[in-house]
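Listed next: structures, encoded as structure tokens.
Two complexes come next, and they have one chain in common, chain A, joined by chain B in the first and chain C in the second.
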Partner chain A sequence: MILHHIQTSPNRDNALKLCLRYACKEDAILLSSDGVNALLLRQWAMALSPFKLMVLKDDVIARGLTERLSNVCLIDYNEFVAQALLHDKVITW
Partner chain B sequence: MKKLCILFRSAPQGTVKGREGLDLALLSASFEQEVSLVFVDEGVLHLLKDQQPELIGGKDYISTFKALPLYDIESVFVCKQSLAEYGLSHGLLSIPVTVVNDEAISAHLKSVDEVLVF
Partner chain C sequence: MALLLGPFLLLMSKFIIQVNGPAYGTSASVNALRFTQAALMGGHQVVCVFFYQDGVYNSTDFSLPASDEYDVVEHWQQLAVQHRVPLVNCVSAALRRGIVSEQDANENALNHWNVSQSFIMGGLGELITSIESADRLISF
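After this line comes the complex of A and B, so read on.
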């Protein structure tokens, strides 16, 4: 199982697009900083739905998206470390 | 000894990412790591023949890809879909590569110890 880490907005960089192309269904995807904005766009939210999805809590709260992204699994930095150890490796795209 | 995969997804001449990726690949290989390269999306442009980065003030690291065999870097994979998207045929490439589909790349990313994306 791989933890894919996306830090950029899909409008700025195709990291997410490429990650989705090569990720396996049992992999997890973590969105942080501008990467969280991907969930605001239907097409990316749908593309992400088959995967175990996590979003960095501080980046959501900082952007005032807590309400808008209420149905998403928010994790803090400690959980991020735990997830990184849980998975075989982390790929930062 | 670690199986390290360097994945190139950025265009060669607009950013330094490609050069950094190649430097890391060669350095790791010289430290006896098992290095493999994967070129996807705009990263496939690294493999185009007859590039002249000096023309635009860039350092010519592109020709260094020809030195990969000297560093025992044998597995060089290129995404078939990306080649098609960018309209590049096998013949235009500067070094011998293995053209693979998405599933093969996914399997490779899973099989190695670390993947670093440039």
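After this line comes the complex of A and C, so read on.
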């Protein structure tokens, strides 16, 4: 059980693409920083839909996307720490 | 075994934080700092914070942001002092980016250096050794 951490937009590099290629169905994906932008693009939102998805709350607020992303699981840093320990490892792509 | 270890890990664990992003340009450093603060507040131990690639730009004493701006470099230094967390630079990543400690300056006959006392110049070897003793490595 791995926590995949994406902090760049899929328009910038292929971190999310690579992550999705190797992620197993029991893994979780955490979007932070510009990684949040993936949810604005329909094809990436669809590709993420089979996975347990978490998004860093402050990065959503910083980008003014709170309303737009109201139906995703937003977590704070305390929860990020807890999730890092709950999963066997964290891979930052 | 995992069931027995699980709750224990949540109580008190050892983290290593790796910072690959500069102080300005991406939010990697700020996110890493916020994670580190949350981990320490949660009662966990942070073995060290390892600055690699462009992350070494967090260690220069010559960054002078406007006085009313959030100063991420200063906050790293405060955290290191308050919680006795070693801040370790990858020395080869630093030297090729013009990030130089006093010792490096002396060894290379340079008149100036810019790395704060709070940062230790180390290498990937130190990172690997620390990983051996840590529960989780989190990269930003």
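In the analysis below, the second predicted complex is superposed on the first by the 93 of 93 C-alpha atoms of A that agree within 3 Å, B and C clash if a C-alpha of one lies under 4 Å from a C-alpha of the other, contacts with A are read in each partner's own complex, and residues count from 1 in each chain.
Criterion: contacts are C-beta pairs under 8 Å (C-beta built on N, C-alpha and C of every residue); 3 or more make two chains touch, one makes a residue touch a chain.
Since the structure is predicted, the reported quantities are computational estimates derived from the model, not experimental observations.
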Report task. Mind checking the superposed model to see whether chain B and chain C fit together on chain A or clash? Result -> fit
Requested in this report: Figure out whether A:I2 sits in contact with chain B (first) or chain C (second), or with both, or with neither.
Outcome: first
**Report entry** chain B versus chain C as contact partner of A:N14, first or second or both or neither
**Finding:** first
Requested in this report: Give the label of whichever partner, chain B or chain C, reaches more residues of chain A.
Outcome: C
Report task. State whether A:V72 touches chain B only (first), chain C only (second), both chains, or neither. Result -> neither
Report task. Tell me which partner A:T92 touches in the superposition: chain B (first), chain C (second), both or neither. Result -> both
Query raised in the report: If you stack the two complexes on chain A, which partner ends up touching A:D58: first (chain B), second (chain C), both, or neither?
Result: second
Query raised in the report: Is A:C24 in contact with chain B, with chain C, with both, or with neither (first, second, both, neither)?
Result: first
Requested in this report: Applying the touch criterion given at the start, work out whether A:A84 contacts chain B, chain C, both or neither, answering first, second, both or neither.
Outcome: second
Query raised in the report: Which angle, in steps of 10°, is spanned at chain A by chain B and chain C when each chain is reduced to its C-alpha centre?
Result: 60
Report task. Pick out the closest CA atoms of chain B and chain C after fitting on chain A and give their distance in Å. Result -> 5
Report summary line: Overlap of chain B and chain C contacts on chain A, residues 89, 92
Report summary line: Touching chain A in the complex, chain B uses residues 9, 40-41, 81, 102, 105-106, 109-110, 113-115, 117
Report task. Can you check the complex and tell me which residues of chain A touch chain B? Result -> 2, 14-15, 18, 21-24, 88-89, 91-93
Requested in this report: Mind listing the chain A positions that touch chain C in their complex?
Outcome: 5, 7, 32-34, 56, 58-59, 62, 76-78, 80-82, 84-86, 89-90, 92
Query raised in the report: Which part of chain C faces chain A closely enough to touch in the complex?
Result: 6, 9-10, 13, 15, 26-28, 31, 34-35, 37-39, 41-42, 44, 135-140
